[in-house]
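See below for the structure under consideration.
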Amino acid sequence: MKLLKQMCAIEAPSGNETAMTQFLLKYIKEQQKNWKVKPKVFAGNDLMDCIVLVFGKPRTALFAHIDSIGFTVRYNKQLVKIGGPRTVNGFKLIGEDSKGKIECTLKVDQAQQQLGYVYKREIDRGTMLTFKPDFRETKDHVQCCYMDNRLGVWNALKTAETLTDGIIVFSCWEEHGGGSVEFLARFIYEKFKVKQALISDITWITEGVTAGKGVAISLRDSGIPRRSYVNRIIAIAKKSKLPFQLEVEATGGSDGNALQRSPYPFDWCFVGAPEDFVHSPDEKVHKKDIASMVSMYKVLMKEL
Amino acid sequence: MKLLKQMCAIEAPSGNETAMTQFLLKYIKEQQKNWKVKPKVFAGNDLMDCIVLVFGKPRTALFAHIDSIGFTVRYNKQLVKIGGPRTVNGFKLIGEDSKGKIECTLKVDQAQQQLGYVYKREIDRGTMLTFKPDFRETKDHVQCCYMDNRLGVWNALKTAETLTDGIIVFSCWEEHGGGSVEFLARFIYEKFKVKQALISDITWITEGVTAGKGVAISLRDSGIPRRSYVNRIIAIAKKSKLPFQLEVEATGGSDGNALQRSPYPFDWCFVGAPEDFVHSPDEKVHKKDIASMVSMYKVLMKEL
Amino acid sequence: MKLLKQMCAIEAPSGNETAMTQFLLKYIKEQQKNWKVKPKVFAGNDLMDCIVLVFGKPRTALFAHIDSIGFTVRYNKQLVKIGGPRTVNGFKLIGEDSKGKIECTLKVDQAQQQLGYVYKREIDRGTMLTFKPDFRETKDHVQCCYMDNRLGVWNALKTAETLTDGIIVFSCWEEHGGGSVEFLARFIYEKFKVKQALISDITWITEGVTAGKGVAISLRDSGIPRRSYVNRIIAIAKKSKLPFQLEVEATGGSDGNALQRSPYPFDWCFVGAPEDFVHSPDEKVHKKDIASMVSMYKVLMKEL
């Protein structure tokens, strides 16, 4: 899990994903010689900070967002959220401004419903802060900030190793209202006529989806994917004999919602491991669910 | 009203509209020989579960959504909403899962703000339930679940009978955040250069819009259509001498909102009969308003 | 500031912008002979009530919305909001219906959370009302309703005078959920390959952004623009030696949000003067900030 640990330590909040983009481009350049098929790599220019890998004759696109939640420094030692981070007094935050590297702590004023930071000096306006990574690994679990979605990205890179036909998309801004999937959908649909998507992302442990029981295939969250497509995925999953769990939620969302509202007729389905301590520095995932996720993507990218 | 009754009994919640799609394709195939102009029928593939009928040289597109509100089965006998159904203890719900046909009742826990069902057994995760139809007809009214929007669809089919130039669109997902009008707008605009739309849908009886006074022409709801277009529609309506009512609301929305935010320059206006007992099993519409709606669409599709 | 005063007096709430469109087309026709470069003017048809001016070989597009907040007349002397106007008992409103010109006052029923108007007669359903303009100018300030965004439009017209390469866009519906930037983005991107944008709009005076300290360059509001683009803008601003302030907000939005969610890969940044008494009849802006805004746009449109 060295690669996962490395990626969890990269600072890439929504809108400022370049560090992840650079890491991935370097990784892909170095590793693709070991992959079954060498993909065409699209990056830069009209893809902004996103990356699209095209393998063989693609039918399905895997979407993994590379951004994370975090905080922006406002005025008077205040913070505002990037996406929806959990906020607990004392959470350790890191970043960098014109005066150098920063390690500070989160301050939550419940009464005034205001977020701030504790630090020896004022931090530059607009500086983006992220959780300080503390990667923990046991026999059964990995735990760190940003499993959501470095694990989805990691799954994409594992999928890349043996993928013969398919597209892998690394998207931006997912945690903060989106803004890249819209043009990525256009690019993929117009250039490759691909309109089937899988969302490689991390979901929640709930009373219906538990740790260690396999990857979650989501029947819905705030968005409702087309049932006929989800049914095809479930049929493939059943046939595979791999462990999996069906998820049904009223809230939450993913790059799937942006695909659904795009002007292109994409089918999409969220397929991802569940985690505990969502959007905190302590996101925790069961290794069995990670294994199930990787295996399931291999099957799905082949069979769909 | 046999056709309307038939359609009110079809289960087609947002995301699972195939039963309505199949019904409509069959109906169109059988009936088009009796229509003034035989339309080109577009369905399947890039239209997903939507249908587009193109008559002659179109200038205006009528949009009628074929999906309905409903519920998705979650865990532990819980339900989550599809769209915004009214929720009252004891409402009868129907559906089907791997163990067979289901008829159960809605259970509303106000204290815990949770929805559930009462049934002899646990229903499969992800099963979609809809209101049990109870079609009632009197001299003046029709009443059933899903007047919204089977009546809008029925109006579209009536319009089809005499339409010479125009487009009829059967859209999906309207009740749950949309997701089809976006690509339908692209299809219609790019292929036929059509950018005028009418939303054939059902609205609310309020202190300003009453039963039996004619179809409602909406000046706005949560979305504000371009006034110059709405004014043209009102001018045509006045000239027609048909009864109609002007609606002004702050909330509510329709396929019009999705058209407005699409990357294509569509003008749109909501024109539909008002109903009582909105989003319940008892949606009730005055027959005069239905007659007015059908007549108004004939005029508008011709004059616009 | 005669031009600004003139424009503040034009009634053009979201969805009914034609009066502003006509004023601008006339102004452009008359004034362009005095401009350094004569632009191509795109208007009408697929641009609806928007206007696009193309100068030379454009790299960057300036967006200024021409609509304003206001109210729509409902039933029983009620009003519903267009956008998010401040609502205080007694605010003077103007409009026109079938019976003639109207000047009435706003009535706010806090208990019932309802808005209405006080007037000698019932106003036609759907009539749009706007604040009555009261333009005030002192040595340091200008004050009136609709500084947001007649001042952004005024800045665009000032920018036009010396612009050699660039696009100026006058957009609609910004105050009420958008609906034009989506197709404008498509038009600009497909026709001119331009994908850099500046949002010429007015922002808020806060504890971090004060009157008279220069134009605000926004690092974020509810939307988060790409940091690498904003950094380029800040670098140019610093080099220019012009006064400016950095803004960081959690809420608020602009045409930038619509650009971000469009299917085209636009970079955007909000650059605008701050005002006091936002969305009221008394929007107040410091003249130094106006001067700084105009100067900054000249530099940015050249250097970006």
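Letters are used for the chains, namely A, B and C, taken in the order the chains are written, and counting of residues starts over at 1 for each.
We take it that a contact is a pair of C-beta atoms (placed from the backbone, for glycine too) under 8 Å apart; a residue touches a chain by one contact, two chains touch by 3 or more.
Quick caveat, the model's predicted, so the values are computed rather than measured.
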item	value
Arrangement of touching chains [line / ring / star / complete / other]	complete
Same-site or different-site touching of subunit B by its copy subunit C, using the half cut	different
Rotational angle, Cα trace of subunit A fitted to subunit C, multiple of 5°	120
Separation of mean Cα positions, subunit C and subunit B [Å, integer]	36
Multi-partner residues of subunit C (at least 2 other chains)	262-264
Partner subunit C, residues of subunit B touching it in the complex	195, 206-208, 219-220, 222-228, 246, 248-250, 257, 260-265, 267
Of subunit C, residues touching subunit B in the complex	14-16, 18, 46-49, 72-76, 80-82, 125-126, 128, 173, 176-180, 182-183, 185-186, 258, 262-264
